[in-house]
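Heads up, the next two complexes both have subunit A, just with different partners, subunit B and then subunit C.
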Partner chain A sequence: MEELDKLREKNILAAKKKIAESVNEDDFIIHTINNIEELAKVTNVLTKRLRGWYAIYLPEFSRKVSDNEAFVNLILEKDRKALMQEMKINISMGMDLSKRDLKPIMDLASQIKSLYDLRDELKSYLEIVMSNYCKNMFSITGALLGAKLLKEAGSLKKLSRMTSSIVQLLGAENALFRHLKTGALPPKHGVIIQHPLVSSAKKSLRGKHARVLADKISIAVKTDYFKGEFIGDKLKKDIETKLR
Partner chain B sequence: MKPFNKKYANIYFDKKTLYTRSLDKNKFFDERIVSFSGNSFREWEAKRSKLAAGLMKGLSQIGLRHGSVVLYLGASHGYTPSFVSDIVGKSGFVFAIDIAPEVTRDLVAICEQRKNMAPILCDCNHPEEYKDFVTKVDIVYQDISQKNQVQIFLKNCDMFLKKDGFGLLAIKSRSIDVTKSPKEIYARVREELEKHITIVDYRELDPYEKHHAMFVVKKK
Partner chain C sequence: MEELDKLREKNILAAKKKIAESVNEDDFIIHTINNIEELAKVTNVLTKRLRGWYAIYLPEFSRKVSDNEAFVNLILEKDRKALMQEMKINISMGMDLSKRDLKPIMDLASQIKSLYDLRDELKSYLEIVMSNYCKNMFSITGALLGAKLLKEAGSLKKLSRMTSSIVQLLGAENALFRHLKTGALPPKHGVIIQHPLVSSAKKSLRGKHARVLADKISIAVKTDYFKGEFIGDKLKKDIETKLR
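Now for the complex of A and B:
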C-alpha cells in the first residue's frame, strides 16, 4: 500500500508537469479562431435585434444598409436628421423617440461595435502568431483559413501527417461518411472552399482547384512542422501555373 | 436502497438508478448524493458511463472487487473512474490514463482529493512509456474510441494484467468502421479476442449508448 501511495505522488507530479509542458502555439491559434467564429455568431444575433429595435425609430435606414458592421457604425456616427437628409426623405414611418427611450438602443449599438473591434484585434493577433509558427501555410492560405485547417486537424503535428486528399476534405466529414455509407455523391472540398481560388472558380472546376491547393498546402505544412526553409512563394507560383 | 447484486461490492440500486457508496463526501460532477443509514451514496448515470450501462444490461461478472488494482485506459474527465474508485475502496487503487491534456486537468483535480487514484498523461498505444508509473494490476478497463482499440487493449493486458485477471473492453463500432454494421464488427472483435484471451461475457449497450458493446474477458 505504501508503494502505491508513493507511486500516486509521483504520478500526480508527473501529470502536472506534462500538462504544463503540453501548452504550445496550437492552443493559442485554436482558441483564437474558435473565438472569432463565436463572435461572428454573437454579433449577427445582436445586430438582428438592433435592426428590429432601431426600426421603431427610423425603419427606412435599416432597409438601405444591408451590411451589419456598416449599419452599426453609421447609426453611432450620425443622428436621425442627418440620416434622413442623406436618404432624401422628409417624412419617416418611424416615431421620434425621447432621449430616455433612445438610450438603450444606442448602448446596444456601442456594445456591438466593441465586439467588432475585438474581432479585428483577434484577427491581427492571429496573423502575427501564424506568420511565426507556420509561415509557409500562412503565405498560401492566409490567417483565417490556415487556422481553420489547424482547428479541424487538432494540431500542426496531426495536420502535417495528413495526406493532401484528407486536407482537401477537412471539414466535410459528414458528407464524406454519407458517401461511404450510402453511396451518395462524394464531397470535393471542405473548409478549403473559403480560399478565393476555390470559391471564385466555376462549379465544375472547384474540385480540381481544391485538389491542387490541398496538395500544396500539405507540402507547406510538412515543411513548417519539420522547420524547413521558406518555400511559400515557390508553392504559390506552382499553383498559378497549374491552374492557368 | 439495496445491494445491486451480491457479487459486486459497493454497488447499490434504487428505483431504476445505480448508486455507489461514496468514499468521502466530495462531489466531483453534478451528481445527486443520497444519504441512507449514515452512508452517502453517489448516483451513477447509465447514460454517462458505459460500465453502468453494462451493469444495467445485466453483465454477469465485472471482476471489480474490494481491494482490486485497476488500470483504466481512456479516463477522460474521470466520471467512470471516480465510481470505480468507490467500488474498489480504500485498499484498492485506480491508475487513470488519458492522452489529452485538456481533460487530464479535471482528472488531476479529482485524483488530488481521492487517496486511491493516480492520473497519467500518456498514449495507451505505447505502454512502454508508462511502465515505470504503474504496477501489475487485477483489472484492465478500456474505453477509448480508436480504430485499433482491440490491439491496444491486448497489448496492455499482456504487459500489466496478472494471471486470471479480468479485462473490461468497451467497443465503439463506429470508430472501428462506419461502413459496417455494428453486429459484424462485434463478431470480428470476438474472433480477434478469442485468439489470445477467454471471453466471459458480452453485452450490447443499446439503448444507453448507441453502437457500443461491452466485453468482459479473463486472462488465461
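Now for the complex of A and C:
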C-alpha cells in the first residue's frame, strides 16, 4: 500500500513537472504583445483625460500638439510659463492653478509617462525573445508584426504549419468569411499590412507585396520551428528582387 | 485708430480673463471622479493580463486571491518561494522563470500598483476639494458619491436646482425612460444606491431609504450652493430619525 502511495506521488510530481515544462516562448511572446496593445488603449484613455484636465490650465497648448506621447512629455518637461513663451502668447485663456489643483494633473501625466516607458521596455524584451526564438521571421517582420502573426496563429508550431496564403490573411478572418459567405471582395492582407513593404506600397500593389512577403515569412517560420540556420538575409534579398 | 486697437486689445484681454475665471471647482471635481472611474477600468484590464502572465510562474496563487489589488500587492511583496510556503505547496505547476522573463511581469505589477496609488491620491484630493466646496453634501454622501451626483447633474448649480426626486434618480436615466416608454417598473434609485444606507438596506426598503436620503441631499446641496451654514450634522440626524 505504501508503495502504491509513493508511486502515486511520483506520478503527480512528474505530471506537475511536465506542465511546468510545457510553457515556452510562445506564451511570453503572446502575453507581451497583448499587453503592448492593452497599454496603447490604456494610455489613450488616460491621455484624453489629461488633455481635458490640463486644458483648464493652458487650453492653447493641447491643440498645438496632436501626438499623445509628445504632449505628455512636453507638459512634464516645461512649465506653463515656458510653454506660453514658446507659443508666443502673453495671456492664456487658462486659469493659473494652485499647487493643490495642479498636483493631480501632473501626477496623472507622470503615470502615463511610466506606462509609455513600460511599453518601450516590453518592446525591447519582445525583440530579445523573438530574435532568439524565431530569428528568421524576426529578421523579416521585426518584433511587433512577428509577435502579432504568432498571436493570431496561437504558437510558432501552428504558424509553421500554415500555408503562406493563410499567413497572408492572418488577422483578416472577418473579411475572409464575409467573402466566402456573401461573395464580397476577398481580403488581400491581414496584420501583414503593418509591414512597411505593404503599407507604403501603392494600393494596387499591396496584394502582390503581401503575397511575396507572406511567402518568405512562411519559409522563415518553418526554418525557425525546425531550428534551421539563419537565412533571414537571403530571404530579405529574395523579397527585394521580387518586388523590384 | 491706435486708440481703437488698444480698446480692442483690452477687450480681448478682458474676455480671456473672464474665460479663465469661469473655471471652478465643478471642473476639478468632474475630471477627478471621471479619472477615478477610468483608473478602475484600466487597472482591471491590466491586472487581468498580469494574472494570466503570472500564472506561468505560479498558477496556484492567482486562484487563491480574488481581489485584484491584494493580488498585485502580494506578488510585489513576497517572492515565489514565500508564496509557495504560505500556500503549503512544495512543487508548483508553474515554471521557474529566468530573471529576463520575470522582469516584464514584475514591472507590470509595479505599474499597476502606482495606478492604484494615483487613484488613492485622487480620492484624497476629491475629499479636500468637496469638503470645501460643498461641505453639507459631502458630510452626507462622502466624496465619491457626492462627486458622482455632481457629475451626473453637470455642476453644483444645476444639482442645486433639481428636485429631490430627480436627485434620487440621477444616473438611472435609462431605466426611467424605459419606464416612461414601455411601462416597465420605474427605477427607485440612481447612483444614490452606492450610499451604505441604501445599498445595505433590505430590497423592499431601498426605495424608501433612497427617497429620504435624496430629500436631505437636495437640501444640503441648495445650502452649499447659496453658501449657507454647515447643517450636515443636523441633516444626518434627520435621516437617522426618519429611517429608524
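The working rule: the second predicted complex is superposed on the first by the 226 of 244 C-alpha atoms of A that agree within 3 Å, B and C clash if a C-alpha of one lies under 4 Å from a C-alpha of the other, contacts with A are read in each partner's own complex, and residues count from 1 in each chain.
Here is the rule we go by: a contact is a pair of C-beta atoms (placed from the backbone, for glycine too) under 8 Å apart; a residue touches a chain by one contact, two chains touch by 3 or more.
Since we're looking at a predicted model, the values are computed, not measured.
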**Message:** Contact-wise, after the overlay, does A:16 reach subunit B, subunit C, both or neither (first, second, both, neither)?
**Reply:** both
**Asked** Once the shared chain is lined up, is A:158 touching subunit B (first), subunit C (second), both, or neither of them?
**Response** neither
**Request:** With both structures superposed, pick whichever of subunit B and subunit C touches the larger number of subunit A residues.
**Result:** C
**Request:** Look at A:64 in the shared chain and tell me whether it touches subunit B only, subunit C only, both, or neither; answer first, second, both or neither.
**Result:** neither
**Asked** Who does A:177 touch here: subunit B (first), subunit C (second), both, or neither?
**Response** first
**Message:** With both complexes overlaid on chain A, does A:6 touch subunit B (first), subunit C (second), both or neither?
**Reply:** neither
**Request:** Could you pull out which residues of subunit A sit against subunit B in one structure and against subunit C in the other?
**Result:** 16, 19, 23
**subunit B partner contacts - residues on subunit A that touch it in the complex** = 1, 3-5, 7-8, 10-12, 14-16, 18-19, 22-23, 177, 180-181
**Message:** Under the definition above, what is the set of subunit B residues touching subunit A in their complex?
**Reply:** 69, 91, 93, 95, 101, 104-105, 107-108, 111-112, 115-121, 133-135, 178-179
**Asked** What residues on subunit C touch subunit A, complex-wise?
**Response** 13, 16-17, 19-21, 23, 27-28, 31-32, 34-35, 38-39, 41-42, 45-46, 49, 52-53, 56, 91-96, 100-101, 103-104, 107-108, 111, 114-115, 118, 121-122, 125, 128-129
